[in-house]
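Chain IDs A, B, C, D, E and F follow the sequence of writing; residue 1 opens each chain.
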């Protein structure tokens, strides 16, 4: 039994609120329990300099936390004048993960800017961000498809992310909240497609190690969590878009 | 008649949602129409180096916008590595305004950190920020009073801010939305106490001028707006706190 | 009676020394008592990227203080690697103020760079800067008019700035020196055209408030100060230029 | 068969040159084929502020590449004035990995600074860095043990890192050089202890996915590579130190 | 004959105006022809961290140019957010030069901050800066001697700087103005004490070379220039201070 | 007799190892005793913006030290986010020195990037850098001559640099190591061509002075050192390239 009563392989309540803001092409408010992230997707009709003229699109992500998303106020990165290593790792991860399920050639020479702003943090902010950003991105890309009359939806599969860890009893647990994350020996982030393939796998045992069997256990419960989140994405995207995406999965 | 049907001296719908986040000592979501700002107040049990040992408190503010709070995505100041002049002006304004209604000696050697994060912008973000930040600050200070058993609530009066301008017909209008702000000749921000005194007055006619009479007109409708907002603050702070604050007004 | 013997509505001695430097298109050394500012105006035959191709001109300002302009040495902003919020506010203010009296369309696609470098500070550095910068700007623009054979002088009116405040007796006082500024409850900067209209009005009561009547008093003595400074501008610009500017005032 | 004639599970030639520089407490030049990294370990007799007074030690790492370590000259991060996201990820990874095999309590309140400077790059610079840094660190810590007469060597196990990937035929390959890395679909970095447990596992399929079976294949050949590198570490550390470390493995 | 009619070994008119500003402990306006520099010396009653507790003083210098000191406006280093290599070289040079003639032990644990701000540039700004800064420094140190009742004036000798070069005819010329500096093949800066010894010698032939004989010629006319400047320093410092300094020369 | 047994006019052992790295167009590892510097030369087929369209080439240099090149670890300039004044001085010196012996017109519109990375420091890192960089540059330019079929080798003469100083006995000594450099009164860097002309001369007596005779002594032993180093350059460049360079000396 975990502090909040969940079983080892149980997700927190996942909620994705669609069109949360009026300005962005796509936006959601995603919650994994008390972790809440505003995810927006913005379309820019050009690509970064290093990609120009190739006819391909690009997806890039930024991530930030409000100073009081956390229990203690954290200093704004704009005030410090630089982005922390942790933030950079997370935004690179979000961007890579989303690009893996988008057909950049079919997207055409435009950029999807993803912004994930954590307004309340209770563990799992990067996995909530990826899972919510996927939904915001699909909404924005769908708008492009309709406005620019693209012939295909350049999205190749569903995508979600979840965390797993090893608690102090050596057991694998799913979707750690902040209290669990602080005491867990191992922190694993799993990003998976709807088909069940890995896109990213990042496991780290700060001052600790994990065995091959523990790895397999975390991957197993992680898969359950991913499937749970993807069902929520399908609900808010609707039957038509869901069917369209599934029809393109190879 | 204005684009959204308001009269020249009519505010947009003002809404202040209390305890919007779980971590901060005080927090609200304030809306002036489609402008939405998360305002939090955090208590730190020390003051900046230049104030140490004087037994006085300090109040400081930071302000930011989510990249897609606006119609076009704006670049994050953390990515640019520096805070813009506009942001600095606004956060200095918020801090000064709030300090004017707090008895810093009675607050004791602690800092109230105010964070105003605009999640959706439609004009008037700085006036909504001040008006919401005041409420978040009072909630946080009230918590300090109770936890630290202070003998008085170190808040001297209510405080709110509103914008006024001169439209292209030369008329004074209240609480401009983004469309009005873009075409107005003059932009005036008024910060006032509950007693009706000025705390800040900033009027600027970018590439334009305004007459003494136009100034008086703007101040007159501004006062109406301020009273409207202060009523909303009193509603969410509740009768007891309101009475306590009013009892201290000199 | 004030510390230096002035009445409440009396300016310090205002002096504007023309063509102070050999290189700039326009330059003056302006003094308000012991406050001394080198103001230069430089013409650049292009505009910033965001304005290109519109056929309009631009005016931008920078402001700095020598480290020992002040009683205590202040650290250079170039050594700190960033410009302070105070500096940004002042340079934005100077630029906005000057743009309000220039016909940017008639100026044509060129930039006037204003540089205000305070070599000695005794209060009122921003108002001295605006008042001196106006003169340097007109000299430089007049040179452009002659060299490029523009058909009109693109200057719409005179412009000056002055400070006013409320002393500890509650009285309005004009053109505060450093000692007065440090003890005054309210600090008001007024920027006005020759015709007597407002261009900027910035009043702040750090940890204090001011009444409607006090505002009116400050505006009244401010107008007197502005008229005084504009007479000095007219003297150094000469009869011909003065007449030309006055002929264009609407 | 791979471009350089290796089998899929074959490492490049691994070489660790001991005491490469005269000044550092520990230093090696490590080569994985044409990839060459100078790894140094420096002892500082204090810890960062956030750790003071706990009696525990700290290990931190920095990583950089000479501009012409690469085929095309890369701009120095000191010239750009900031460290890239990639560099930050790598230095955080090196630090975390090394801390996992050091008993920080037994190390005492001192910091081991690891510097990995890539002088020639041909793929696998981060895995070579970790593998070489481990050796430099043990040499430096051993010096501390002797000079400060610590009662135990605070090193809990051997540690090495290796890369694996999936080539375009879908096969798992070990220790990718730059040419292979550029075309591989998946890039996996494995950090393991001498006992065979995971410390870090980072797999990413930029614009690609990998299956559960492919993951298992990469982990299997990775283990072979790790064992190969650890044998080299044991050779240069010598029998005595090796025995001492092995005696402490739990 | 040179463009401005000087002989090859003739200085421009050198002028040092004493007590140019009211706030600094020492200040001069120094002119070498049209080159004008405000030099101030500020006393701080402590030394930088790396020197604390040794009972010795420190002298440090900063150098800057107003944007329109030059024919073309130069961007402020505060706006660029960093100090250029040229500026750093000059300020390091000024500091080193001045320290060589001050008895830092006798100065006691205090810092002399030198600020050289070029308000008008026409070649030789660094040599004018050193020559003027020396005078400002002596004035400030003399004030310390009197206020703190030091038993000796901790100044060991006079100090001045001058430039020399090789013109396109191969001849050595003294104190180059901007036009000469732009066409000269070699640029030599000589810093000398009153006794005639070298403190700094920096000669550079950008894309050119100079012979041993040309070096001797430049040193010879440089000495004449130095003597000229030191006479001006002695005039403004007055007989008493001059005698005091000369009495301490070894 | 000096600490390491050298006579006052004796160089340390000079060694230049050719083609030290596989990627750069030119590279050497240069040693002056225990001082070791990796020097690389990279060819870029374009010039910086300020030189475009003139048909001329450019040479620019960067210099850095590994953190543990020194006895105490020095902080990386990339971590500090800015390049120190000392580093800037050195890289400007290296670039100027090399440009003086290259015919930039004959080089054509391309840039030679020089990178000097000190991997071990024991005094004289800047003179070793210049001397090694010259060799790396010639190798790279020779490659350009052959690949682009230039009609001449655009190198006008040999070039080397050496340090000299005045020891505490007042004697001139050549090629100071770190221990000598720390105690010497005067530090002189001499850059000379093969023909024996000066290209740069930088002498500084931090808190000390030097006489005209001491200057002549340092220049005399410096010349000996330069000739020694140039012989080593000729050895590694080979007879053919050496003859080609000598044939072009005017």
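The working rule: contacts are C-beta pairs under 8 Å (C-beta built on N, C-alpha and C of every residue); 3 or more make two chains touch, one makes a residue touch a chain.
Source: prediction; values computed, not measured.
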Chain pair equivalent in interface to D-F, over half of contacts matched, among E-F, B-C or C-E: C-E
Whole-Å gap between the CA centroids of chain A and chain B: 34
Euclidean distance of C-alpha centroids - chain B vs chain D, Å: 52
Contacts with 2+ other chains: residues of chain A: 81-82
Traversal of the chain ring from chain A via chain B: A, B, C, E, F, D
Contact footprint of chain D on chain F as seen in their complex: 21-24, 27, 34, 38, 40, 42, 44, 62, 64, 66-71, 73, 76-83, 87, 113, 115, 117, 119-120
Of all residues in chain D, those that touch chain A in their complex: 82, 85-86, 88-89, 91-92, 96, 99-100, 104, 188, 193, 195-212, 215, 219
